[in-house]
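In the two complexes that follow, chain A is the common piece, with chain B as its partner first and chain C second.
Moving on, here comes the complex of A and B:
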């Protein structure tokens, strides 16, 4: 079974953990508790094959940024999340993307731009067009999602798996047993 | 005609300053034939030119003329020539009214009309021109063509202005002379020759007379000439004198002018002088540096406060003098450039002096022997305070500011030197400090001195060579030996009461075991891991307090480190002036290029500057405290090695710090460093939890052991208890809650799995025992996030208990049960209860037969064996649970009993049949059996 190392990045409070937990456990976490770092494993069927997704949910707050390089080195696909209710969170992403490209030392990394909290249409500040425009510049995918209303949550990760498969077709099937230690 | 015209001109028009241009001799048509008057057209000689038409009459007596009436030309409306078909002398002029005239001749009339037309053409504007009617076209055209002058009679003055001006009337004198001369020679006309002869004769006579008179008057002329000469002499004399005067006056005038110029020059010069003086004063004021200052800069002692003060003020003065903005070109002045050169050398010299001095100060501080401080802190967890250093350095603050402005490179170098020195100092201090801390941990972990010192050696070695293999093996040995020791403790069965001395002995023996066995042990590590961690958890009281000690020590470490960092940061900011105000000079160019004064621009620039400053501070701090982060993560790793449970403590402690630091300053060095540590710890924590989950999942049951409470359940309970004590009010609750959830989930699965594997004990027992235990544990701890799980546990517990009781108790009164089931079936088919007894199968005899089979004694016996089984199934130390099970059994038994009684009283009323034992008997049996144990 192929493993995919996905990293969720973005400013604090945009809903990285909410999206991840919604995807992995199907629960919407209402309470805000700044994440330090959490990793999850989930087995899914994508593109007609079983995949093990190892999702790293990272800290958004400024303090923990020093470890980002490490995440970026190890990650294969990146979810860049902003909140449609915060212009700043949207603006921060460009720096993040540049950092990823720098660490990876390449022009193209499987990546998806995600505008979360799209259920809060009343408080919207970043328009859909802005998101699409940015994604177009980056030549990456784009989704508007809502962890609360379960909109497009799964698509994020499936899209990323697809991108990774396209970029690096599965290497020879190694007989590698998954370590079996899963955080549930 | 010409004579008339001449006369008219002379008598009438010349006195009026007019010039006669056209004249016609007319008479009134239809009137007397007497040609009595002349019509004249005249123009004024003065401008503006007026054109008049006047009628002039000749006086009867004498040759005088009189102007009778005058019209202006513009009054003329119509000129009628009356010559449409044939020539006539008549013509009309219409002014205010029509006048009819007839000229003396056609030619005369034509000439006059042409003259009129010409005048009209010349002097009147087109619109007020009179109409010329019935005049031969040729007349008008001719006059227009302007050839009139050549064609006109010589006597008539040409209509052209030039021709008019050429004409000079004879003066009266000439005329009269001429006339007289002609009258004197009446024969002139008849005999021209004679006349000319007489004339020439006269002329010669006159010539002679002239000559005579000229010659006669010569004397007079001579005297006149003399007089004239005299007069001329006089005049020239006067002129000469006048010239003298003039010369004199002229000299004075030029002198006066010069004086005037000179005065204004003097004024300008004065003004310039005073201005120059002013400028120079200002310049000198600005550029002057008092001798005291120069001296201070050159040789003041930087070691003393007074010297520093003098230098500070001198440096400021120098800076001010150097910053003076001189007008362009002034720097070309020798003195100014000399002064500037002097300043420059002063600046460089002083900068160098200051730099060197500070470097020695830094070096001294940096190399301050930490040994002395080490000795006193061996048992005290304290970082040496840098307050005195800071106090010593702060007086130089202003000088540093000066240096920053004056000599950027020196400033930067100074920063580097400072950071290097302090880095050395802090590295040493912090290393020592953390070694002490580790020592403390080891002591607290109650490990034998030997091992402790070995570990200390190991760690101190490892601090020197970060994470060398030696450290790895040593510390692993340490953990292993610790685990081994606890397992030995366990074996001896008296681990809690073991005296230190005994432990020492045990250690002595195990230590020798460690080496050969360590490899083997490591292989078995994973399997033993569960037991070992369980033991380390279960190792109860003193270890718990140990952990508290660990976290308190860890807290101490952090609370020592934190103020040190903060102090240093504050000091750096103050000492090296790392703030926004002086940040402009920190970023050469950068911000100046994008100078925009919009409010937003300013705000964003300020933000940028702030970020820049924070970055600068952080960079310096990172340089100074480069040791802290690896050391701290090493400490974390050390704590983790010492006891994985420590990551719980560390998570809480650092988490707390991080939130605090976050509130203070998000981007500061400390906050970042702690953030990194926290991630490290969090990973350890996650690892720990994952290992626990793995251990639970891998758990298997000992083959011949009675199952009882599964070790991992016990372990979970201990873990939760401990974690609760650590996390109770922490901000990181969510993390531990997540851990709980994943742990308890795996515990559930493991219980079910292990229950299925169990051979000796029925699965139900395994399950209800363990669930019961879990339930107790969860109820007593009251963890909000595990409420759902608690309910689940309760449900499972009850289900499994019930199913155990029913399966174990079964139907202790088998035959009776069968009998009454039959009865119930009959009743269900519709037979009335009272009539059941009449059926053969369920007669009273049958009932009595059944009842007889179960005497009280038999029942008691059956119950005793049942109890025995229960005791065998359940764990020895679970008396309470046994009683609970027994109670359940009793209830179930009584329920059956009551059912029978009920049915008997319903179906066999008044038969007085009853079971051979009463409820009291049953209760007695149960309690007897329970107490007998």
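Moving on, here comes the complex of A and C:
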């Protein structure tokens, strides 16, 4: 079974954990307890294949930037989350993306821009167009989601798997290679 | 050289004449008092695609060097060709340098010898750092052989002179005098460098070489040899023939043409028993010097010509990801920054808060520069003892604007940055006392604590899994039980230490947290949760948890930890944060099934949670701090800092005749005074005001043959105390040091030994008032004193002056908004004709909302505009001074031929 290492990034309080937990456990976490780092594993069927997703839910707090580089180095696909109710959380993402590209030393990294909390239409500050525009600039996918109302949550992860498959088709002798890497 | 001396002299005389008041100092003396401070912040990320060594891999570490001097090195990453370092270093540059180098070392431990050699490096010229400044970058690595065997510079001084030949043919001749006064930064090869220099004049028909004497064991040798070459040699016959046929004028041309064919070669060698080693050379065609009578300057040493390029194939030696932030500050005398400081400080009371300097600075300088803005603001306001006055209104504003309490202070903002930086600046010592015992324990015991079942069971992480899956499972559950117990032991220790620390919590923290709490209570009176979570999001999330996650950054450990220990710390941080979340009065019941929950259900009682809530109560209560005006009242009220019994020696005794001068006394230290009495309830026998404590140091055990002794140094006498044990001793010393840090007259030197039998046992001085013989220990005098206010203000200036364009944009925005919101402001459109203004008016009325709604958010255009104006005014005054300084000193660029910019440096 192929493993996919996915990393969820974004400012504090945008709903990274809510999205992740909704996807993995099917529960909406009402409270906003800050995450330090949590990893989840979930087996799914994507593109007619069984895949094991290892999802790393990261801290949004700026203090933990030291750990970010390691996530970025090890991750294969990235979910960049902002809240449609916070302009600052949207603005913060450009730096994060730049950092990912720099760590990966390439321009093409499987990545998806996610505007969460789309159920809070009344409090919306970042327009859908702004999100689309940014995704276009980045040449990445874009989704508006709601962890609460279960909108588009699964699509985030399926889209990423698709992107990863497209970028690096599964090598025939994947097993050996991955265990080799893990040892390092 | 002569010229340089002249300049120095003229400046000196200027300085002497200029004895007037500071503010009318001439530009010359101004230049003298400008401090040029350079700082490097370096982040070493990782390397990749390294060439394997002997054993198909590498044990690497990376060192940072200024020229050849090693400044910092990372820990060793074993067995990797893509080592992930992730380390930071931040230092003020101590001296001039030309190259910033990152060297990758390979460490191989053979049976007996430990070999450490550089196998790849990146050398970045100082002048090139700007190109990469503040951006992370992958630098291609170079093999060491080609780039670093030759390094260093040589100073070459040549002089052409005329001479009259006294031979048979009376004619003019030329000679060349070459001196090599010094070399610098030569390569050390095979552990030694005994350099000498050869100077040769080479041409097709001529090769004349002279050499200096050998200097022993130095990379910066000085030589006093002087070499004279006759330029007309060998050509006497031909020249006289020219002379006869072509006449004088033509002869000179011919003569000169001949020189141009010659090359001056200066080569440096290291003398050795096994033969001399080539250290570099410089070749100067005399044609390039033809117009000069004399010429002198630093030259960069080159590898032997012909050997510089390899085989033409560019091999990949891997690369390294590094981020370099280089900051050069021109710090002027304090008075220059008076206006800026005044504006900044008075700006904290501006209404609305969005129009205050800090807010606008953060807007115009952008998110990327926010850390720099925050850093300087915190230091400046701390220096002014106004930090809480800076933070409070900004925090209040943020709380006021916040719509959903659950995400308050979760984002990174100016306020969260300021509070976090303040905690780091003031609280490291506090943090160390709380966490370092636990972290030391985690580091030394290395008990397995993994409780994440996916990590425990995951075979990919197991070393070797030959056991059957059933075995694995039962083992895993046994393992997880004992791991849980181990983890709880650590968590319990950490939490207990945190809870016990409330009385020691720095008063600045308390002030800030109290402000937060009051502000939340004011804006959300019915919300019982947020007043806790607001404080917790700083003290727990951004302080304790952050420190547990990266202990090295918070100076809790000196070296990075092994994988197991750092995973344990991460788990402890997670649990502590979880406990903090759950301790909120209305904590939501947990719905998610996670191992953290299982863990907490097993160990955590309601009592634990209550005491965390209580901890937050205590550190954010008014008890310790502030009155209504925000002035720290801890200065007014007397607070008991430490009390207890100690043995003390009678003060001022000089003879050892009566050894019975040790008595047990009850000591008490408040923020005002240190006193002692017979017992707790009796009257004080002696009171030493805090101002009179000018130093606190340990006392040599030999003095009285007793341990745990320390001395309280006062201007005229010393009190020797004996604490009960080493912990007690440290506690007393720490707290005493703390109260006296603000004393201006702190002692610089002290006597580590006591004054006994008429002399100090440490240095044998016979007068009791003899100045100390040893420098006081290097504890930071205080943060307040160690802050270079002028330097921080200069930073503020340079941050602002690099954002002038954005300031203007914001100003225009204010102007545009004011047009339709309120009274007309002087805006950039004031020079436009009447008609065009009126057209604009109608345009704006038609197209609400105002332009660029997302670019800047201006709440109050008038006040914002006013602040912007004063900002620009300050910048332009300072800018003038800077420009004046640059033109006067030519500080922009080092001149060619100087040590910083040698010839041949392309």
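One rule holds in what follows: the second predicted complex is superposed on the first by the 172 of 184 C-alpha atoms of A that agree within 3 Å, B and C clash if a C-alpha of one lies under 4 Å from a C-alpha of the other, contacts with A are read in each partner's own complex, and residues count from 1 in each chain.
Heads up, the rule we're going with is that a residue touches a chain if its C-beta (ideal position, glycine included) is under 8 Å from a C-beta of that chain, and two chains touch if they have at least 3 such contacts.
Quick caveat: nothing in here was measured; it's all calculated off a predicted structure.
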* Check the residue A:166 against both partner chains and state whether it touches chain B (first), chain C (second), both, or neither. => neither
* Asked: Just chain B (first), just chain C (second), both, or neither: which does A:36 touch?
  -> both
* **Touching partner for A:103 - first (chain B), second (chain C), both, neither** => second
* Looking at the overlay, does A:69 come into contact with chain B only (first), chain C only (second), both, or neither? -> second
* **chain C versus chain B, contacts on chain A by residue** => C
* Please write out, lowest number first, the residues of chain A touched by both chain B and chain C across the two complexes. => 31, 33, 36-39, 61-64, 66-67, 184
* chain C-touching residues of chain A, taken from the complex the two chains share -> 11-13, 21, 25, 27, 29-34, 36-39, 41, 60-64, 66-67, 69-70, 73, 83, 85-89, 91-92, 95, 99, 102-103, 105, 123, 130, 178-179, 182, 184
* To do: Would you tell me which residues of chain C are touching chain A in their complex?
  => 45-46, 48, 79-80, 82, 84, 86, 136-138, 319, 321, 367-368, 403-404, 406-407, 410-413, 416-417, 420, 452, 454, 460-461, 537, 541-542, 545-546, 549-550, 553, 570, 573-574, 577-578, 581, 587-588, 591-594, 854
* In their shared complex, at which residues does chain B touch chain A? -> 655, 658, 661-662, 666-667, 671-672, 674-676, 678-679, 682-683, 686, 689-691, 693-694, 732, 734-735, 738, 741-742, 745-746
* Residues on chain A engaged by chain B in the complex (per definition of touch) -> 31, 33, 36-39, 59, 61-67, 180-181, 183-184
